[in-house]
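Chain lettering (A, B, C and D) follows the sequence in which the chains are written, and residue indices restart at 1 in each chain.
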Amino acid sequence: MKKWLLTLLSVLVLLSMALVACGPQEEATETPQVAEEATEEPAEEAIEEPAEEATEEPAEEVEEAAGALKEVPREETLVLGWSIASPLGVTNPWAVPGYTHQEGNTFLWEPLYWFGIFADEEIPWLAESMEYSKEDFTELTIKMNPVAKWSDGVPVTAADVVFTFEGQMSDEKLPYHGQFDQFVESVEAVDDLTVVVTFKQPAPRFMFEVLMLKFDTGIPIVPAHVLGEVDNWNEYVGDLDMPHSGPYTIVSWDNNQKILDLREDWWAVEAGLIDTPDVKRIVMFNLGGQIGQNMDVVAQRIVNNEMDSALDMRSDLVKSILEQNSDVTTHAGNNPPYGYLDWWPNSLWVNTQLPPYDDVRVRQAMNRCIDRDTIDEIVYEGAQIANVYPFPLYPGLQAFVDSPEVQALIAQYEPRKFDPDEAATLMTDAGFALNGDGLWEKDGETVSGVINGFEGIHSDIVPVLVEMLLNCGFDASVNFGDNAFQNMVDGEAGFYMWGHGASLKDPYAALELYHGKYSAALGTTAGSNRWSRYDNPEYDAILDEMAPLASDDPRFHELAAQAMEIYWRDVIDIPIIQWLHRIAYNQTYWVNWPTQENLAAGSNGAFWAHTGQLVVTNLKQAQP
Amino acid sequence: MEPVLKIENLQVSYYTDAGRARALDGASLALNAGEKLGLVGESGSGKSTMALAMMRMIKPPGRIEGGRVIVGDTDLTTLTEDEMLKTRLEKITYIPQGAMNSLNPVMRIGAQMVDAIKAHDKSLSKAEMSEMSMDSLESVDLDRSVFKMYAHELSGGMKQRVCIAIGILLKPQVIIADEPTSALDVVTQRQVMETIDRVQETLGAAIILIGHDMGLMAQFVDKVAVLYTGRLMEVCTVREMFTNPQHPYAQALIRSLPSFDNKGVFHGIPGLAPALLRLPSGCTFHPRCQHATEICTTTLPRLEQMENGRLVACHLYSEQV
Amino acid sequence: MSIRKIIERLLFLVVVIWTASTITFFIPRISSRNPIRERFGQLARTGGFSPDDLEIIIESYNQKFGLDKPLWEQYADYIGSIARLDLGVSLYQYPKTVSELIQEAIPWTLGLLVVTTILSFIIGNVLGAVAAWPRAPRWLRSIATPFILFMGVPPVLLAVFLLFFVAFRLKALPLGGAYSIGVVPNQSLKFYLDVLRHQLLPALALIFGTVGGWVLSMRGMGVTIQGEDYVLFAEHKGLSGFTIFRDYYLRNALLPQVTGFALALGNMVTSGIVIEQLFGLPGIGTVLYNAIKANDYLVIYGVVLFITIAIATLMVLVELLYPLIDPRIRE
Amino acid sequence: MTTTMISQQEFLQPSRVILFFRYLRRNPGLFIGFFILIGLILFTVIGVLTIDSSDAYPLSVKPKQPPSLEYPFGTDFYGRDLLAAMVVGMWQTALIGVLAGALGTFIGVALGFISAYFGGRLDNTIKGVCQILQPIPVFLIQVVIAGSLDKRDVTIYTMALIVVLLAWMWPTLVIRSQVLSMKERQFVSVAKLSGMGDLEIIFAEILPNLLPFIAASFVWSVFSAVFTSFYLAVVGLGPLREPLLGNTIWAAQSQGAFFNGWWWWPLFPAIAMVLILTSLALINMGLDELANPRVRRME
């Protein structure tokens, strides 16, 4: 028996060696340069003094591994966890389908201005200045920073801005085509450093909404001398060497990670806008295709100091991280709710054109079924997250809701009130009756209460909402399927859990989501964040009057309060929660993360947002 | 002359859930070199058990519980497991019952012969072992080319010959052939039996032929031993058995054979053989025996030698001793 | 082995591929979902797309992917492209082709699934054979029992618990990923060992979760074989236990098992999908998992087809090569 | 003489029940398997009778509570009582398993019989279809089907149907080969000679002899149905709100239950899942031994 046991063991050993050998072999094809070197070097090593090999080997291995890349110690490397889904090599911001800035490309591209939300500060960048040159907001003059240049040494000029704007105007596949089409009359380069934009109508918010990069909105400037040369910029991939103005360059990109190294000749340092960043290398570790999956592994990696930060997490997970590693902090330090307010408060949206949701009594009844105190208590451990507004309470908006006008409306409409009895009365008035299963029914049909949501980000709140609605007699259930989004777009019956990414400073952008002009008819596609298909001429008139007014105009405030009244009166959607970004910041290697106590560059702390560049370039190496 | 095979009081039991089954109880035999013994009995009478016990191949839940098997001057029951491995094929050999399936289908015949030699004598060279094997094949009237063939390429008779060739590879003193011709057609049966006969004569080995074909026995063996429920009932020469069986069971057995006298009439033995687990008391044959008396139901008769040297286990003849 | 048989088997292969492609083509079309709309709907999160623009983009892509053609035409195109070994383009990772995705992923899957299937096959069959071998010592025979019990543990469940205990609690092995963060793939021994360390837990989960099946079937087979006359005769020949075990018993008992190997690989894929995803390994399983989640239907088709073809080919190959190990089937 | 012997035999013949238990002792797998299964059934039945099944859904109890006297299995993040969730989940898992298993076995047995007994073109067709479908990874096809359905249509019953769609091939092939070998046996020829009809032979002669195989194949089908439904739940293709064992385990996994220290959440359903599958595997193994005399001899 011993003999065959040995035979078996040796077979096992052989096979496990085969495993080692054949696992990564394919990498040879992906990085041929490295492969060539690797075959040469070990041979040399073997000849040279085998005795010392053992001690020398690790060092040499590292060198060898970095054959194509220079070696950067962990202390100078920032490791970020994110789900990278875009195809390898796509760096061109105009490639379609786009939306690659969240996956590390934000470190490549820069805007005219940044907006730092927590400092409430507009930060000039590629432009030295940008202002409306006519009082009625019909002309905008942009002065470029003369030092700015692309990574290939070509200066960034007014021509690039004109190219970028005109591209948006002409190409309907680009995301801001709609805005440019609506507002912009013409774009003109007065000289190398000056651009004048003429608007078709007053555009008091265009500069902020479109030209400044913040959160996930705004446009970066693209190089005219590169994209102007390609046949079809929508299909131009860009690859790793596409000239860009940002501080980092992608040096390695595979399915596991994207590695970006600091460009020593970054113009912004020369321009004196910023010190040379401490972060010499960014490793964006791919967490997998689905946002929000396996987050416990991500959390553990942060606890283990393997990662410095990752995408935002559910409250419990962040709490557990903080308990397990004292070097980790969050925007709110060690205190609940651990995060900062994102611009994406979530509502339960319904299609207001579709029975029974077209009946305001039904919508009000549903609102009365949501127990926002229980949500705070159960899902968010007592943090005040549950919400009654379609916008985040950033300072400007907090001031707005604190105004006596809005407070009076709250007292009148009690949007937060949980009252199943009132809900029952409303439903009975609307002609519904409870059936044998305890569900509201009319003409033999229950309310199709499927909540379309997104598992990675809604798996904590949606099941709770389902139960609340069920307990109240609505036939609720969950759909976390891939068709959830499409159901919203198509206006299928049911509820849609979705956010409002719109207002940051004043309520206009959020309120404008319900403008009748977006009220796509049944059977057509609703634009993003316009799921309610609300159509009310009274409301539209208010909004139209607001459009050309500056936010600090007293009339603007008056009109905004009127619109808010309609929002609550008609229950256009059912606001559920403020959206928090709970991002763990590991301070073992890096400090100066943007937090409540330390604004850093004043941006929010999401490294994946457009302002991620500000987060990373302001990090400081931790002093051991 | 000293017998080449001596079996003394061999006892085998199987232990089952329902209790102990005595599959072989006190079998004793002696065989001289060159002697041919036929071992007969109904199915389940313990023939194969006896053969396996001689090879010391009884497996759990069976157990050899007593007695001795002496080949030449070696008592097999005292050997260690390793010594016994060497003894098989070298001193005592077994030619299996189901020759159709007794050869490994995925190994060449030669390889199956060589590994047998190798297991006993590692000193031989490969060529020597091949040569030995092919000689052995020739001695059973097979072509030397069979060495390179697979079992499925051979006919039934050829396979049986291969088994014989393997059995006599190391020129054993005792050969046990367990129904070597079952499943063969009559002509082939005869050829195979003749081969065994010739081989045995050349080797001068003693042979035990197991089977229930009395006709075949009559032609090839010198002596016959009758087994019933694991007990030897009678041992005598072939001639005596066919002309004058003594034990009532042997008589019934002979009577049940088709012959010219009773053609067309089938004489079965009345009743069924009892299950080993529930053997009747006394003589195990008594429930089926026409001559049973009081003593038969209580006392087990012993195998005793009669005047003419025959061995019979029956109370009818106890007085004769 | 005759040419005729080879042609017959190849025809069988073609029929299998055709069946699989037909199934994968028609089933997703039962539903009215439009993956392109869904994909662009997700993109619309950026905020800037107007509804009209979105419709225009969707329309142009529908045309591009032929979704506006009648069903039978789409089917014909699809079968045609399969015949040209063109599996189409990923919607989610456009312009990446499905073949490229598979190519990138397949080495990892080969490294994990195939090696674990082989290991599981070897360990399971040896243990199963030993378990049925009456002459093996009792303790050795009883080793197989826990493995049989592991049959009741889905590999994914095992993976979850292994991940927790070994990686989270003991911190003995990495939490996932194909290799350490920040390491660039290269040909050094260090890199290989790093990869091996990362593959260990998923491999363990897969092996432990699947060994039981082999143990069980081999045990059944072994019981049958050890009663065969040739094994008994081999004992009568005075062969040593090891020789009988290896040449007479194991060799014969293994034959029917070999034919099950290809199918076992198919079953391994089932667990592999989730396990690769769970450990963040960039293999075929992860590609498929993500495609399922994103309803990237061309990738789903492509991967399902690819796996089917691989398994069917392996089956046919095993069948054609089988005579090499079983002389009875030759000529 | 003979009569006394027979009566003696009858006297010694132990009752069937005793024989069954004796057999169980020799076939410990079957014994343990049955034992666990009975335990699970008792747990579920008593549970269904005594527990308020609405506690198996969110917001019914205080969330995130470790096991205590009040909540023996603890409660989860959503405020389900995990004991109730387990009872309902086991019931649903069993329902899927038995439904899919029974349907699959029924189709398999019917096709296997038809194929083997009538032979000819019919046999070739059925066998051919099975062979062609064999290399196609069943689970992947199930994934494609489940993924194509509208989420609202995915219920316990549709899940069972999805599982059964491709689960009949194995029983078909097994039964077919058994009937083929059975057909060759003497008693069938005897029955044929004595003028029995096809149906009579099938039901009176062949079927009873195949019962152990059918039982084993049924248990196996249930096993694979439970297994498959678990995997479908894991990739998120099951009925989402139901506390199916797979759903509960995966919900725990996706909420980082281990990391957050809620170990009890995935643990108990995982144990239940393992017990179900293990007991089925053991019973299947035991039935195999019962059906196959060679295997039986070994024990």
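One rule holds in what follows: contacts are C-beta pairs under 8 Å (C-beta built on N, C-alpha and C of every residue); 3 or more make two chains touch, one makes a residue touch a chain.
Since the structure is predicted, the reported quantities are computational estimates derived from the model, not experimental observations.
> Strictly by the touch rule at the top, which chains does chain A share as contacts with chain C?
A chain counts here if it touches both chain A and chain C, which gives D.
> Find the chain most remote from chain C, comparing centres computed as mean CA coordinates.
That would be chain B.
> By the contact definition above, name the pair with the higher C-beta contact count: C-D or B-C.
Counting C-beta pairs in contact, C-D comes out ahead.
> Which chain is most central here if centres come from C-alpha coordinates alone?
Located nearest the centre of all protein C-alpha atoms is chain C.
> What whole-number Å value describes the gap between the mean CA coordinates of chain C and chain D?
Spacing between the chain centres: roughly 24 Å.
> Go ahead and note the Å separation of the Cα centroids belonging to chain B and chain D.
The answer is 49 Å.
> Distance from the CA centroid of chain B to that of chain C, rounded to the nearest Å?
54
> Can you work out the whole-Å distance between the CA centroids of chain A and chain B?
Taking the average C-alpha coordinate of chain A and of chain B, the gap between them is 88 Å.
> Pull out every residue in chain D that's touching 2 or more other chains.
In chain D, residues 150, 236, 253, 258-259 touch at least two other chains, as defined above.
> For chain C, jot down the residues that touch at least 2 other chains.
33, 134, 168, 289, 293, 295
> Taking each residue of chain A in turn, which ones touch at least two of the other chains?
293, 296, 300, 483
> What residues of chain B sit close enough to touch chain C in their complex?
Residues 55, 57, 59-60, 84-90, 93-94, 96-98, 100-107, 112, 115-116, 119-120, 150, 152, 163, 166.
> Which residues, counting only chain D, touch chain C once they are in their complex?
Spelled out, the residues of chain D in touch with chain C are 131-137, 139-141, 143-145, 147-150, 227, 230-231, 234-237, 249, 253, 258-259, 266, 270, 273-281, 285, 288, 292, 294-295, 297-298.
> Could you list, by residue number, the parts of chain A that touch chain D in their complex?
These residues of chain A touch chain D: 292-293, 295-296, 299-300, 314, 316-317, 319-320, 374, 378, 450, 455, 459-460, 463-464, 466-468, 470-471, 477-481, 483.
> Taking the complex as given, what residues does chain A use to touch chain C?
1, 3-4, 8, 11-12, 15-16, 18-28, 30-31, 34-35, 37-39, 42, 57-58, 61, 64-69, 74, 77, 79, 85-88, 96-99, 172-173, 175-179, 216-217, 235, 237, 252, 254-257, 259, 281, 283, 285-290, 293-294, 296-297, 300-301, 304, 306-307, 482-483, 485-486, 488-489, 501-502, 518, 520, 524-530
> Can you tell me which positions in chain D touch chain A when the two form their complex?
So the residues of chain D touching chain A come out as 57-60, 63-64, 77-79, 150-152, 236, 240-241, 251, 253-261.
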